[in-house]
Structures are given as structure tokens and as C-alpha cells.
Amino acid sequence: MNLQIAAQINSFLAAFVLLTAFAMLVQKRIYSLIHIFAWQGLLLSINTAIVGYVANKHHLYISSIMTLSLKVFVLPYILHVLVVRLKIRKEVETLVNIPMTMLIGLALVIFSYHLMAPVSELSHLITKSTLAIALATVLIGLLMMITRKHAVTQIIGFLAMENGLFFAATSATYGMPLVVELGVALDVLIAAFIFGIFFFHIHTTFDSLDVEQMAKLKEGD
Amino acid sequence: MTLLILLGVPLVAALILAFVGERKLAPEINIFGSAATCAAGFMLALQVYEQGPMMAGGKFFFVDAFNVYLAVLTSFVSMTTAVFSRRYMRREVEHGRVGHVQMRFYHAMFQLFIFAMLLCLLTNNIGVLWIAMELATLSTVLLVSLYRTPTAIEAAWKYFILCGVGISQALFGTVLLYFAAEKVLGEGGEALLWTNLSQVSGQLEPTVLSLAFVFLMVGYGTKVGLVPLHNWLPDAHSEGPTPISAVLSGLLLNIALYALVRCKVLVDGATHSHQAGNIMMGFGLLSVLVAAFSLLRQKDIKRMFSYSSIEHMGITTFAFGLGGPIATFGALLHMLVHSLAKSAIFFTVGHASQMHRTQDMDKIRGLFKGNPLVGWGMMFGVMAIVGMPPFGIFTSEFLILTATIKDAPLLTPFLLLGLGVAFAGLFRKVQQMVSGDIPDNQRSLKVAHLPVLLHMGLVLIIGLYLPDFLSRWFHTAVELLK
Amino acid sequence: MMLGRLVTELLQVALLVGAAPLFVGWVRMLKCWTQGRTSASLLQPYRDLAKLFSKDVVLAENASWIFRFTPYLVFGTTIIAGAVVPMLTINLPLAPIADVIVLVGLFAIARFFTALAGMDIGTAFGGMGSSREMMVASLAEPAMLMAIFTVSLANKSTSLSHIAEVMYSGQSLLKPSLAFAFIAFILITLAETGRIPVDNPSTHLELTMLHEAMVLEYSGRHLALIEWAGMMKLFLFMALGSALFFPWGIAISDGPLEIAGAGIIILAKLAASGIVLVVIETGLAKMRLFRLTEFLGSAFLMATLGMLSFFILE
């Protein structure tokens, strides 16, 4: 595969990662959110494998397989099981209306472009232009966590941020060293178990996963 | 070897306690494990003191004066906390606030938390540093929600989400750092080793590093509890069990600050400017002021002291940002004495709230008469923490203020204002609690003497006379951080 | 040479005018099939138009010249628009006088006068339809322009012929910005041509209709012209999409054989796009009016993302 085509495929996948990030931002149904999250993981996994092939970095294959198993199968499965068990069907209302969220998301994309432009210029990798997209994905995940009131959606936002970070590592430097990648994956897995436990705690204590109810701790109390 | 013991013991202890954590002997195992860790910490410190900085495990671990002193502090405070938690947690079980499963969980996670913090300190790889920091967060999240009350779960959720978000920013910063390092050091794990990075920091790309520092600042700053990223801290401290509040306040905040300072050294080397320092000073000063004024409004005793922690972390961050030998010396000393004093205060606070079965300060009265150790311990602890002589915090704050007057005179009034307000706020509240007659709702109980006495004694000794080896040690660390 | 091109131009306009009802018939037929109904003949739209032309015009007493003038204007602007979109060949003689921005402007004029005419009589439905139509327009037009600018940026020209030429040469293959622009374009097409989920072309339900409410007062040949223009608009959007994103098969030179081939290919492409349209329409339900902001917001989002990814990624 020559570099030109690889770079094009890479930016194409980056564009779709961004698209999934926005799709998650505006999606209200939890099941669809989980599916989009899995798709995003799949895109990242493919992207990592392609970059690994082009750059001849074999540790990226391991990252790619890890992403595939963790973010496409394990985490969405856990989330799915939790959602089924806790019988969450309700569509979740967002704090800010959807068109507004979209506009903020767009502003974040522009912001990350400006932030990353000087960094990308220093890079000589074929993936350099996707760095801004990666940061945008992180920031959109953050925005999603802020605008959603539901515990599950907040967690999906958190995991989307994690996806963005992984993407950033791949596009800035062809991935972090393997030790770090493995460690990060382990942390994500532990986090998954913790939020799993948490969902049950929140559900039994508050009888719902709407984090709006958790507002007892305020300043000056 | 010592290093291996230092890291291995808490991990093994965590594994053992994961199976037997609810047995009668579990607290003793916990204490024993922490004591062994502490001994290993002292041994390692002795080695470093005699032989200078060293590396181990194929450059994977790196020990110098800066981190070994924090490692000793961490292992020491976790040992005394383990001693304290024996009585405290037994009482909580008797009160029915925690069950057996939770106890097992508590003990295992406590040791895992210590392991994560020590790994944070001793690793040479800034990627692993991040992982260990995240592990430290994750291991304490479920400890904060140990009581399973709605507020505890809320606090833990906030802690989990905010710190998770914050720490992801730090990972992005780390990616950028690796991006810059890779150009100079080539690919692979070598480029993330702090020792390699600090050697070539002058060649790193300044634009990338200053951008990276912003992300690292936001990320690790969240864990330090700097304003405006501090929202999780008072909640997590007030809702978790007191031993956890003590180690969160006394240790975890220090570790996060350690990570930040390590990164700052690299950034300073690359940018040749005071930019990173200025950012830290800004965050630090803001934290001091906001925390001092928030102190005044608190009703919950642990919440109040957690704001005090924010304030002190602000002072330390400010001092590290200020740079220069005196301020850095002051900051290092401050980290030490604040850890000791704040955990001692939390020990007494834990006892006091158990005696009254409440954390509401209006209902806690007559501690002098009810239990002199708790009463006087809290009184002296607060005197120490607000910076009254002859305690060690007076020395460190004095040093920091001196440096401020010299290098940033315009900021001195703000710093003094923060300190003054915190002084007044803490004193007013504590005065009420310790004096007066024993109220009806107070019950007497057995308390753990050793931790409080040990900590306060050390703070006092450091205030009266800074041992020669300690000051030489700090001087070495100051050299490293220049 | 010039004469040959003029003939091509005329042929293209004739194709637009002649084949538009056929296309609508095709879409209706497909729709009937997907819903398991027996369809009317493919030529039914022609018969409808013929019927309307043969009827008398009934005018309201207070109808002004705007009301009478609008059908001709709408029909005329649509034909001009059809003359600049490269359907058969890239070398259209009229192409240099109008680029994509003018094209959007032509549609805007038609819409503006339709809205005026809707309010001219002063009935409740006309006014309501006009206000709704303008609401949709105010959201759809920025998105349309954004999408078109993205395509223009990616192909470095606002001239439709030039865009089609660059696309044809395959230089712009695999550009993420174009993928985004294409998605945006589909969404906008649905809104602009009044298809589900924005409007339902086959009902006259007073609470939901948009476009139909505006033209409720028309009859006879006026109505026929407006309906015909609507059909041409749908046809034109499909042709525009094919010229901007899939120009393969269009004639590059002026050879009559090639142009004849291009004519067959464009008809085939339109037939295919009709299938796509029906699939989309069958899969969706008509949206509530107030959710349209979200729908068109997404179109705008897509178009803007396309533009941003042009700057970031290309």
C-alpha cells in the first residue's frame, strides 16, 4: 500500500471518527449510543492496523487487536448488559438543546484545529493531520459528559474521550510505547468494572440513573 | 532490591487482604504490611542518601532525593493511618456502617492505593506515572462510596468523573510530550524515561512542550485539587471513611503535585522561560484565596479541613511555580509538614466525629474535657496548619513568603490575605469544638494515640530544629528541580 | 461548434422539462411497490398536468399581479437553473454565466415569490405555509451554501462545469470533506424538494403540509406550472447531486454519440437515485415541524464538518 493512499484512508477514517463523535453527542437513545461507540472503536482499530502496516510498527497490531476486543466487544457488551439489567429504556433529555450542542461541538473542532496546527506542522508522519481530529474527539467526549444527565451517557462520554486519546497517540507518534498502551487498557478495564458496580449502587440508592438527583452535596451545607 | 520490597509488599498485602480482609486479624496484617513498606522506604532512603540517585529494573525505576523523600513520607503516613484505621474501622463495623465484604474491600484497596502511589513516585517512565495515577484514583473511588449512603455515592461519582476527565487531559499532555521527545530520543520506551528527557530537555520543541504543559496542568491539577478544578475534593474527603480522607489529603494530593513538578522541570528546560511557573503560580494563588474564603462557610468538619488542604496545596503549587532555591525548599518542606499535620488532624477529626456520631461542627463540643488527646491533638494540629510557630508549617510558610516578597512582591498581599482568612476561619470553628462542657451526645471511646502523637511530634521537631540530614536532603532536591 | 453546443443546451433543457414528470412517476411507482400497492402508470404525472392545463383558472377577487406572475416566474427560473447544471455535457455554453451560488439564488427567487404569492390572497393556509416554508428555507439555505462551498473548496472552483470536470478526473477521490458534503447534500435535497421527513408530498393534511399550503389557492394552468416546476426541481437536485459527486458518464467532448450516451447514463443514474430516494422515504417518518431544526441542524453540521475536515485533513 503506498503512502499516499494510506494517508487518504487515514484521514477518511479520521473524518468518520469525528462523525461518530458528533453522532454520540446528539444521539438520545442509549442503545444507539452504545452501538455508535462500538463503531467508533472499530474505526479506530482499523485505523491503527493500517497505520501499523504502513509505518511497519508491529506493536500497533497488538494495540489494534486490543482496541478491537476491548472497545468493540467487551465494553459495549458490558454496557449493554447493564442497560438491560437495569431496565433503562427512557430517552434521555439533554441539558442543552441539540442544535446548540452541535454548534458548541463545531466550535470545539475549530478550537482544536487552531491548538494543534503548530504541532502538526512539526510532524512528518502521514497521520499528522488527524491530531486535531483526535483532540476534537476528546473535547467532544468532554462536552457530552457535561451536557448529559444520565450516568450511562456520562460513562460513554468518558470512554469516547479515552478513544480520542488513543487516537491522538496513534496519530501523533504512531502509538505510545507498548507498556503504556497496555497500562492504559488495563486502567480502562478496571474503570469499566468500577462503573459497573457504580451503576448498581446508584440504581439501588436513587432508583434511577439520572445524576440530576445527585445534587445534595452543595457548597456551604 | 529494597525497591522491589517497597513496591512488592503493598501489592502482596493487597492480594492477601483481598481474601482475608474481613477476618479479625486483617487490621494487623494491614498494619504489618504498611510497616514493612515503611521500613523498606527508610532503607531505600538511606541507600539514596549514601550513594546518590540510582536506577533499577533496566531504567524503569528511578530514585533521587526528591521522590525518595516523598516515598518515605507516603509509606510512613500510610503506616500510621493503618494503625489509626484499626480502631476506627472496628468501631464503624460495630456501628453497622460497613459490612464484612466492605471491610475486605477496604483493606485490599488501601494497600493497592499505597502501591499505586509508590509506583507513581518511583517510576521513571512518565507514561507509567500516568497509569499509576489513574490506578490510585480508581482504587480510592469505591472507598469513598464505602458507606453506600446517597451522599457518599454522589461524592464518589463526582470524584470518579471529574478525576477521570482531568486525568485524561494529562494523558493528552503526555502524548504531546512523547511526540516532542520522540524527535530527539527516537522511538520506543526510552523516549518516555524521565532521566533521558531531563538530559535533553533543552532540545525539546518549546511550542509543543508549553502546549503539553497546559494539558498536564489541567490534568494533574485536578488531582491536586487546584481551583477551579477542585469540586470533587471536599465531597470525596467528607463522605469517605476518615482514614481515606487522611491519606487522600496527606498523600494523594502530594503525589499529583509531584507529577506536575516533574513535568514542569522538563518544560522549563525546553522553553527557557518562566511560563510554566507563572501558570502554576496563578492556579496556586487562586486556590489559596478561594479555599480560604470557602473555609468560612463550612458546617461539616471534614469538608472544612479538605478546603484547608486545597489551600495548602495552593501554597505549595504557588511556591513551586515561583521557583528559586528558597521557594522550592519551602515547598518541599511544606509538602512534608502539611502531610503530617493534616493527617494528624484527620485522625482527631475521625475520633471526634465518632464520639459525637456526626460531622456537623455545631454538634461537636467539649473535646478537651471529653478526650484530651483528641481535643489537644486537634487544637495543636490546627495551630500547626494555620502556620503558628513553633510548628514546621510556620517555617515553610515563612520561607515561601520571604521568597514571594523577593521575587513577586505584588502577590504577597494576596497570599497573606488567604493565609489570614484561613487562620481566622479555622481557629474560630475549632475553638468552639474543643472548649466547653461535654455535650449530651458525646460518648467516650478508646482512641489510637500513637499516630497523632507521632505526627504532631515530628511537625514540632521540624519546626524547632530542622535536622541536618533533612535540610541537606532538601538542598539536593532543590538542585534537581532547578 | 457553437451551434452544436447550443443544440446540446436546448436538448438538456428539453430533457429536464420532458423527463421531470417521468421521474416523478417513477418515484411514485417505486413507492407504491414498496408499500404493496398497485401503482398508477409511469405516465400519470403527464396526464395530471394535461388535465390541469385544460382547466380554467379560478382567481380570488383580491389576487394581485404577484399571484398571477409567480407561476411563470417559478417555471422560468427552474428552467434557467436547468440550463446551467451539467447533465449531458461539461461544455455547456451557459455554464460560464452562472456558478453554484447563482444556482442557489435562482431557487431562492422562486421560493421568495412562492411565499409572497401564498400570502397574497390573505387566507390562513397560505400565510401559514409561507411562514413554514421560510422557516425551513432559513435553515436549509445556509446548510446548502455550506455544502456547496465545501465542494467548491475541494475542487477549487465555484463553477459547476469545472467542479464536474475535476471530479471526473478522479483527483478528488476519497476526500472526507466530499463525503460529508454529500451526506449534507442528501439531507438538504430532502428538505428543499419537500420530501419525507420534512414534508409529505402526497398529502394535503392541513396541520402538517408546508409547500402544499402555500399553493393551495392555485388552479388550472397556474397550478400546472407550479407542479411542473416542483417536479423539475426534484429532477434538478438529483442531477446536481450526480454532477457534483458522481459525474462519471457525462460527455467531455461535443460528439453527438457521446452526448447521446451521456443522456442514457444520466437517465440511468436518475432512476437509481429515485430508488435511493424511495428507500430513504420509506425508512423515515414525517418529522414534527419543531424537530426540523434538529434535522436541518444536522445538515448544517455535516456541511461544516466537511469544510473543517477540508482544512484539517487535506
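Every chain is named by a letter (A, B and C) in the order it is written, and numbering of its residues begins at 1.
Keep this in mind: contacts are C-beta pairs under 8 Å (C-beta built on N, C-alpha and C of every residue); 3 or more make two chains touch, one makes a residue touch a chain.
What you see is a predicted model; the values in this text were computed from it and never measured.
> Of the pairs A-B and A-C, which shows more C-beta pairs in contact?
Counting C-beta pairs in contact for A-B and A-C gives the edge to A-B.
> Could you find the chain whose CA centre sits the greatest distance from that of chain A?
C
> Can you work out the whole-Å distance between the CA centroids of chain B and chain C?
66
> Measure off the straight-line distance from the CA centroid of chain A to the CA centroid of chain B, and report it in whole Å.
The mean C-alpha positions of chain A and chain B differ by 31 Å.
> Compute the distance, rounded to whole Å, between the mean C-alpha positions of chain A and chain C.
38
> Under the definition above, what is the set of chain B residues touching chain A in their complex?
Answer in residue numbers: 125, 127-128, 130-131, 134-135, 138, 141-142, 145, 148-151, 153-158, 160-161, 164-165, 168-169, 171-172, 174-176, 178-179, 182-183, 187-189, 191-192, 205, 207-208, 211, 234-235, 238-239, 294, 297-300.
> Given the complex with chain B, which residues does chain A contribute to the contact?
It is residues 115, 118-119, 122-123, 135, 138, 142, 145, 151, 154, 158, 161-162, 165, 168-169, 172-174, 176-180, 183-184, 186-187, 190-191, 194-195, 197-198, 201-202, 205-206, 211, 214-217, 219-221 of chain A that touch chain B.
> Taking the complex as given, what residues does chain A use to touch chain C?
For this pair, the touching residues of chain A are 5, 8-9, 11-12, 14-16, 18-19, 22, 26, 98-99, 102, 105-106, 109-110, 113, 129-130, 132-133.
> Sort out for me which residues of chain C touch chain A in the complex.
For chain C paired with chain A, touching residues are 174-177, 179-180, 293-294, 297-298, 300-301, 304-305, 308-309, 311-314.
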